[in-house]
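After this come two complexes, each holding subunit A, first together with subunit B and then together with subunit C.
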Partner chain A sequence: MERQYWIRSKPVYTSLLWHEKATAHLVIAEGDGGMAVLKLLQQKYPTQQVNGFFVKSPNALKNYADIISSLAPAEFKVFGNTTEALNSLKITLADCCMGTCFYVAGSEGFIWQVAKVLASVGVQDDDIDKELCGTLARTVYCVHCKAITHDAHHSVVACSGCQRQLFIRDHFSRRLGAYMGLMVDAEQPGILPSIEEVYP
Partner chain B sequence: MSHLNVKVAAIEQVTEHVKHFTFISENGEKLPAFSGGSHVVLALNINGRIHRNPYSLMSSPLNTEHYGVSVRKQEMSRGGSVFMHEQIKVGSRIQITYPVNLFSISKLSHKNILIAGGIGITPFLSQIVDLNRMDTEYELHYAYRSPEHGAFRQQIEDMCGERSHFYVASDGQILDFYALLSKQPLGTHVYVCGPEPMVNAMIAAARDLGWPEKHIHNEQFTAPQAGESFKVKLALSNIELEVPSEMSMLEAIEEAGVDAPYLCRGGACGRCELDVVSCDGSIVHHDNYLTNAEKTGGKKIMPCVSRAKCQQIVVNL
Partner chain C sequence: MNQTFKKETFRDDYTFSNSPEAVKRFPFPFHEDEYMYSVNIEPHVKTAVGSITEFTFDIDEHYVAECEDKAITLANDPQRYLCLPHMMDAQWDTLELMMESMSNDYPEQFNLTKEGDNWTWVNKPLGITTKFVFGDESSLPMEPLEYIGRQVQGDWVMLDQRDNNLFADGAIVTSQADWSLAIDVGMSWQEWHGPVPIANEIGVFDRALKYLLNLQLGSPVRRLNWTMTINPRLDTSPENYPIWGPDRLSVTPENVGDKVHLRVELQTLFRLPRSNGMLFGVRGYLISMNELVTNPLWAKRLHRVLKGLHPELAEYKGLSYKDITIDWLSKYDDGTSSE
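For the complex of A and B:
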């Protein structure tokens, strides 16, 4: 891990808080992101319209979908997978105006999949509040073969494309929604540093 | 900063208070390329003292044979605009900086709303050329006092057609920011240039409606104001100087031969920021750059527009 200096491309995640000044609100969450939605629902509920999208995940700690559905004053659409949710989101976005505030919660991979859809309609990264939930698992792109490897939990991961052992850096590509992975044993093949579980 | 030497090729009286100046380079060559929304800083020798005033380039970025700027005569100001109106003639030579753009169209925008008040129309004239060329969706909303004050209206109608909207205050036409900003599609960016109350009202409306900061752009250049004279000590260069009441602190520093950094000269960009080592009085902040906390902290000053009420202020320069 690179702790000595701050990598600017590394995304910042916060706790979700309703924006008081808004014309509408759009909440998009997945799996353990349900906890962030529940925390939102504990806050003073906005007077403006709220649209909710929730994707169930078998890996989540709890079945948040049911709790959210029973608690949310407005309808939360529940989906079985991310693709369906994003398709439905795209339809809703066509009717949204400037002043709509965006709240996204879930795994890092999910957050950036949503961000990509939002970017396609001109919503910028800085316009979106994001809360990372459940896991720190990273998506990694291999700088050598460009393949994407999902759910990396350790400091070194085998590339899904070229099988090289990649060291995961903090450099993050918003376009790919993934961290940079660099061959770790380029100088002395087969000699690997100690591998730790740093992204549980 | 490196400079360009230009010569005034033409002057046109646009409205009662606005004159348009056309500059060509002294050596007859093309001037440097620029993008819509850029400005240049003119060095004006007024009674032996160099005043530096920023003006938006309003000529087409597609034609750099010449640059065009428009100047509104501000009777209450320190004299830069009056000097331009009364002393600058066809053939006058002026030194200007290379164009700098602090007010460019966002590359991430899907739609752009340009809002101008009075002479604040100038940066948009060059931006419109870029927008037309890039085929980006935009609207221009231009508000002014009365029909005689509607500088460049015909030119704007020719360039923008239906995308231009005019609001003439004397005819009771009011630009309602809330109505304008509440129904815009996602990905819209808004740009405002005009008098301070208008700029502030627009920004307040956009924030109130939940527009994110990255989508709100303004070019709020404040002109440096006159004030009491005060003494400045430059700690690093070990120079002491006096800022006369008619000069900005930045101009006084430049006159002392010290090359201080700047870009906008209007308290907007942050480039000229100086650390204050000590001040035996108070700082009078006029900029739109420092946060309120920084302003009360008294450890920073933007010398392009701000002054001090003191015997001596010591800065790290």
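For the complex of A and C:
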């Protein structure tokens, strides 16, 4: 794919690094995000309190939950699915104070589910460190029927709502946690471009 | 002012057209034979009688028909109005600005009376009379921005100013040139301009943001922007792209004059007093090629602008019918000066 220009709403993910100036630290990771947690644990460990949440995923390369539990000085709560983890996170957030730093790692869909929970208590997007791990799979919002399609791996995906073939544009809505999906053959119905696996 | 309002449509049978007077006041946007993005912002001051900037908000012969088209679009897709909860002060700011300006500038059409916070708004062209309590949402049939936005031509976006940035945190959008409110609501300045090519790279948006963050109350600003549209369609939204997208392929050398329209946006920005937010207006004007070439200088100039248009801009604006249009316009360009 040639990129003549880039769309600035497309999130840029970085590597997690502890912030030294913090009142506490909250780490939330899923699946292959376990690798990002392990990389954090190789850095100088914070002197402030650390709370950890980890969601196991059958798709992950390793059973990171066990490795993290044996290495991490603080307890990492381990969950079997994202919903339970987010419910537990909401309870913990009620006791968090100003100056807490947030670290999120995992698939893009997971990262923005967590960001939405954090936003509900006033944590701004800029104040959440995010590391994308394991997959480039995308969440897509269909502008035509408003349905969300998860885990898109190809440049064009069939909408889970209206079945239209959607081109996945790099334009990303943080509010929806999804990329813009636009009917790819609107001008000439049935004429599709070559479809490539660009988000393995 | 004795304004008559045309009965016309912006969809299906497309009966929209401009009167000779409307063509005369059309905001032709090109001041030279070539076009590139620039920070073309100027004070939004009142200009000559009859011009589109004679008043703060321009109410023209298309007013009633455009408001009817807006109502159809909103009925089909209520999410063309979206507003984040922290924008309620900005909504009232917007309602006040529009009602005061319109009733002052067009006293025969609009009337606003105030007894303390008890306000009465009369909109004669649309046959609306509403008594409400300013600041009390429950006294209006819908949220203030949607209520007044349905009564003013164009799209209206409210910007929240924080962290040295502007966020598009609420809007009523029914006549957009291919951007989605559902996707863009809540976005920062850089995010919502993200898809625009070249302008980012040449620093236009950074400079414009710096300028706008210092916008003062009572000193609104404006600029013109443009694109092209097939058929006089107001709702060229991504949402309805399956409806209007195929029209782009319907252009032939025979129908260019009727089908191809230049679409000019008068963009205005106002500082809002209570919220310290901003109101961003995008008011569109459409003109068919047949109407446009009644002005020989416009015909020549548009021909040259399209011929020299940067390919990335043409692609971004979706001008797949550009070459047919250039051919059609060429017969109006004898090569002499367009000044």
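Keep in mind that, in the parts below, the second predicted complex is superposed on the first by the 198 of 200 C-alpha atoms of A that agree within 3 Å, B and C clash if a C-alpha of one lies under 4 Å from a C-alpha of the other, contacts with A are read in each partner's own complex, and residues count from 1 in each chain.
Everything that follows uses one rule, which is that contacts are C-beta pairs under 8 Å (C-beta built on N, C-alpha and C of every residue); 3 or more make two chains touch, one makes a residue touch a chain.
Just so it is clear, the structure is predicted and the values come from calculations on it, not from any experiment.
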{"item": "Partner chain(s) touched by A:D127 [first = subunit B, second = subunit C, both, neither]", "value": "first"}
{"item": "Touched partner set for A:C97, first subunit B, second subunit C, both or neither", "value": "first"}
{"item": "Which of subunit B and subunit C A:H19 touches, first, second, both or neither", "value": "first"}
{"item": "First (subunit B), second (subunit C), both or neither touched by A:Q49", "value": "neither"}
{"item": "First (subunit B), second (subunit C), both or neither touched by A:Y141", "value": "second"}
{"item": "First (subunit B), second (subunit C), both or neither touched by A:N87", "value": "neither"}
{"item": "Partner chain(s) touched by A:Q163 [first = subunit B, second = subunit C, both, neither]", "value": "neither"}
{"item": "Per-residue contact with subunit A, leading partner among subunit C and subunit B", "value": "C"}
{"item": "Subunit B versus subunit C as contact partner of A:N59, first or second or both or neither", "value": "neither"}
{"item": "Common interface residues of subunit A - those touching subunit B in one complex and subunit C in the other", "value": "126"}
{"item": "Complex contacts: residues of subunit B adjacent to subunit A", "value": "108-111, 181-188, 207-215"}
{"item": "Residue ranges of subunit A in contact with subunit C within the complex", "value": "4-5, 7-10, 126, 141, 143-144, 146, 164, 169-176, 180, 182-183, 186-189"}
{"item": "Residues of subunit A defined as touching subunit B within the complex", "value": "19, 21-23, 93, 96-101, 121-124, 126-127"}
{"item": "List of subunit C residues in touch with subunit A within their complex", "value": "79, 163, 180, 182-187, 190-195, 197-198, 200-201, 238-242, 245-246, 248-249, 312, 320"}
